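Heads up, the next two complexes both have subunit A, just with different partners, subunit B and then subunit C.
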Partner chain A sequence: MRILRFFITRIFLKRWILVLGMVLLLFLANYLSFTAARSIISTFQGNEQIETLNQEGTFIANLDPDSKTEDETINVEKTRKLYAYLDKKYTYALQVHGFVTSLENEHEMEVTFSYINEEAYKLNQLGLSQGNHLTFNYHLNQDQIPVLVGAGLAGTYPIGSTIEIKDPVTQQVVNLDVQGVLEKNTYRSNFYAPNSKNYYNFAMILPVNEEFVQSAGLDLHVNGLMDIALLDSTDEEARNFKKQIQENLGMEFNLFTQQENVKYFEDYYVYSLKIICTITLLLLIVIICLATWNTLKSIRLMIKDFTINLAVGLSYSKLRAIFYGYFGLLISINLALLFAITAFNRYGFWLRKENMLATYGIFGLISMDWLALLIVLFIDLMIGFTIVELTIKKIKRIPISVGVLN
Partner chain B sequence: MTSIIKLEMEKKTFKKKGFSILQDFELEVEPGERLSIIGESGVGKTSLLNIMGLLDTHYQGNYKLFDSSVKDLSQNKLAEWRNRKIGFVLQESALIHSLTIEENIKLPLLYANFEKDPAAQDHFKRIITRIGIESILKKKPLECSGGQRSRAVFARAVIMNPQIILADEPTASLDSKNKEIIINLLFDMNKEFNTTIITVTHDLDVANRHERIITLERNE
Partner chain C sequence: MKYSLYRFIDVFEASAIYLICFASNLLFIYVQTLTLEVPFVLETFIKSIIDYQLMINILLTFLIIVFHYQFLNRKKTEISCRILVGDTMANIIIRYVLNSLAIVGFSFLLSLLLNLYLELNAASNLYLVFIFILYIVMSAGQVKKE
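The block that comes next holds the complex of A and B.
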């Protein structure tokens, strides 16, 4: 340790520009690997969620890019009629997230209402930390509506508590009864951008039944159609539904089959993941080459110092240990820096009261962050190993001679 | 008396440069002996010093140091012997410029883990007092004169009280006064501690003050 300290403070840091260069190169490699790793993990998580919809007979609705998004003639009567048709003829999964509501809570966050029907609920399999799962057989104006709350609301609204509130989609005063608490950091991935997700820590999950849908307004109806999934259906049924939407609302929807969905996800996301991995790998190779060059350049500049040290008792094994210690320190500094940036970013969501992004963990860091940091650590160890072994090989190739000191 | 150094060189080859030196050369050195090695440039004087100082083990031949075959010693053992048994007295430029004179002198103590050892500290004080460099300990090498730097290099070589001192042109670039100081310091070590002194030099005046002179000649 004393020898390592001596080398770092008295030999390496005396050429601080080379040390700084190495820190910057390592940081670049770390940040790149971290971003790529997190994006891949997040996409993988998103794909896992979407995978539940990739079943035979499932058709996911998707607004055609060429369709006009809103027709002036659309009204709630038309959408109710469409949903009545859906209820009569189809089994479908409906989930609409993002109705932000002001609801008092200890964290002073806004609360997002998320509406889900029974089929979507079965597919999503939301994990609970406490309480019971949702039931869907209530009567809107008579019964309390059983709800699930996100982990961030459990303190203010524990199981058994009731909330009277004007529901944002029905515009009716409803009584909500807290049935269960979602696991921390429960999320929902965007179907069409699996690496993007909303967290349910400040969400309230409301069960939607036929009666509720019919009482809801245009927002829930139209937004619901954007991601609606027909289950146990045939091609003909899907085509009929598409036709119904067009006739009723004048909007053009695509209903992708399971095969089309799988192909789309594989083509688009696997391809984009491959691109991310390739670019990251290429940049990593360039960075490693630069870092190695930087180290070898340092060795050339410090050869006299190394020779003196070797002449007075430094061994190659000690020198190897010194280099590993030195790179260990650089890696630790970079990982700490990466942790600080991530923590700043995650904790910033809490400070800025971004309720759909606030997460639980040390400074808000979640499992994907830790996993990405672990991957970065592994990559750093590989980089460190490569550079140290190349450096020692290089030093050993240089004949140590008192001649270089004269 | 048993030889402290027993070297039977077959040759030292520089593959890249495509030539060999020190061919069929034998050397035995006894404890406490003062030996000088002379010869024209490129004949292999410094290479011989590197081999005897355990810095170079890539040669053909046998080298026994303290009755142990050097080729059988591990890299760690070689480093330990360089640290404890051998001292290198080099030219005044052989100091690390980023370190103070004190740090340069104490470098071998760091590798021996004697940095905080009270006996080593006392020894350090005795040496610097004797050499007369107390006033420059906190200075960097480039802030000192050539003579002061030479004395610092000498102090570093003897800080571990080695059994062998290998000196490579120790008086080159020194004026006559400083040359005398360094030679006297070397010979004082020899007298007091029976330290073996092996000096490579171009200076015949310096060489003549040793007990034995070896002249290396170029291979035909």
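The block that comes next holds the complex of A and C.
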């Protein structure tokens, strides 16, 4: 340890510009691999969630990009009729997220309401940290509506509390009864962008049944159709539903089957991930080359110090250990820097009151960040190993007598 | 480059680093001009890098500081020898600055080929040239003998 300290303070830091150059290069490599790793992890997490819908007989609706929507032709009477038809003929999963309300809470965040029907609830299997799961057999104007609250709201609205609020989709005053608390960082991934997530820490999950859907406004109806999933259906039933939407609302929808969804993921996202990996690898190779150049230049300037120490009894294996110690220190500094930036970014969501992105985690980092940091550590170890071995090889090639006289 | 402190390998190294900095800047600008419809995952990944493009470019220019630092440290003995045989420190510094500027100019002209190929504004790299000139002027103060 004393010899390592001696080398760092008396030899490496004597030429601090070279050390700083190395730290900056390692930081670039770390940031790049961290970003790539997080993109990949997030996409796979999203896909894992969407996969629950990839079952035989499931058709996921999506508005055709070329569909012409004529807003004046869509009214709530027509959408109610469409939902009545759906209730009568189909089993479907409905989930609509993002209706903002100004419900008071200790963190002064906006609260979003997320509406979910029984089928979607069964498919999603939301984890609870406390309380009971939702029930769907309530009467809108008579009973209290059981709700689940996000972890960030559990302090203000513990289990058993009741909330009187004007519901943003039915525009009626409703009584909500907090039934359970969602696990921290429960999220929902976007069907068509699996790496994008909305966190439920400041959300309320409201169960919707047939009566609720019929009382709801156009917003819930139209938004609900965008991601609706028909379950246990056949091709013909899906076609009929598509026809119904077109006749009622004049909108063109696509209904994707399980095979199409899997193919979509493979064609679209696996391809993207391959490009991300290629870009990252190429840039990493460039950075490693620059880092190696930086190290070799450092060796050239420091060779006298190294060879004098070798001449007075320092062994090559000890020198190798010193280099590993030095790189370990550089890697630790970089990881600490990356950790601080990530934690600050995560904390930024809280400061900016971004309710759908605010997360809980150890030192502000969520599991995805820790996993990405672990991958970065692995990449750093590989870089460190390559550079140290090259350095030792280079030093061994220089005779001690030549080095001392340098 | 008569009487220059630069050898071919030094010119090659310096030019390569300048070109890396210029190319990195141009690639960032080029990616932003692309209007291709890329998948969202790819778009967010590229955006998370492009958001920090200025910082990344500035960090990369630090390599030039490293280059000048190690170059001038290595050349201390040579400078001493030159002074012994009648050269003056002022002449050595002037030659060093002019040679360094010539390398920046040469690399900038080379990078213009990439500008032309990517159909980007020729002035895109000018701010880097100013940074490099600043580094050269600063490093001129470090031209010292052993």
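Convention: the second predicted complex is superposed on the first by the 399 of 406 C-alpha atoms of A that agree within 3 Å, B and C clash if a C-alpha of one lies under 4 Å from a C-alpha of the other, contacts with A are read in each partner's own complex, and residues count from 1 in each chain.
Assume a contact is a pair of C-beta atoms (placed from the backbone, for glycine too) under 8 Å apart; a residue touches a chain by one contact, two chains touch by 3 or more.
Everything quoted here is computed from the prediction, not taken from an experiment.
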Contacts of A:286 with subunit B and subunit C, given as first, second, both or neither: second
Partner chain(s) touched by A:385 [first = subunit B, second = subunit C, both, neither]: neither
First (subunit B), second (subunit C), both or neither touched by A:399: first
First, second, both or neither for A:194, with subunit B first and subunit C second: second
Touched partner set for A:344, first subunit B, second subunit C, both or neither: neither
Touched partner set for A:36, first subunit B, second subunit C, both or neither: second
Subunit B versus subunit C, judged by how many residues of subunit A each one touches: C
Contacts of A:311 with subunit B and subunit C, given as first, second, both or neither: first
Contacts on subunit A seen with subunit B and repeated with subunit C across the two complexes: none
Subunit C-facing residues of subunit A, complex: 15, 17-18, 20-21, 24-25, 27-28, 31-32, 35-36, 39, 43, 192-196, 268-269, 271-273, 275-276, 279, 286, 290, 293-294, 297-298, 300-301
Contact footprint of subunit B on subunit A as seen in their complex: 2-3, 6, 10-11, 14, 304-305, 308-318, 399-403, 405-406
Complex interface listing, subunit B residues touching subunit A: 46-47, 49-50, 53, 55-56, 58, 75-76, 78-80, 82-84, 88, 90-91, 93-96, 98-99, 103, 107-108, 110-113, 115, 156, 166, 168-169, 172
Subunit A-touching residues of subunit C, taken from the complex the two chains share: 13, 20, 38-42, 44-45, 48-49, 52, 56, 59-60, 62-63, 65-67, 69-70, 73-74
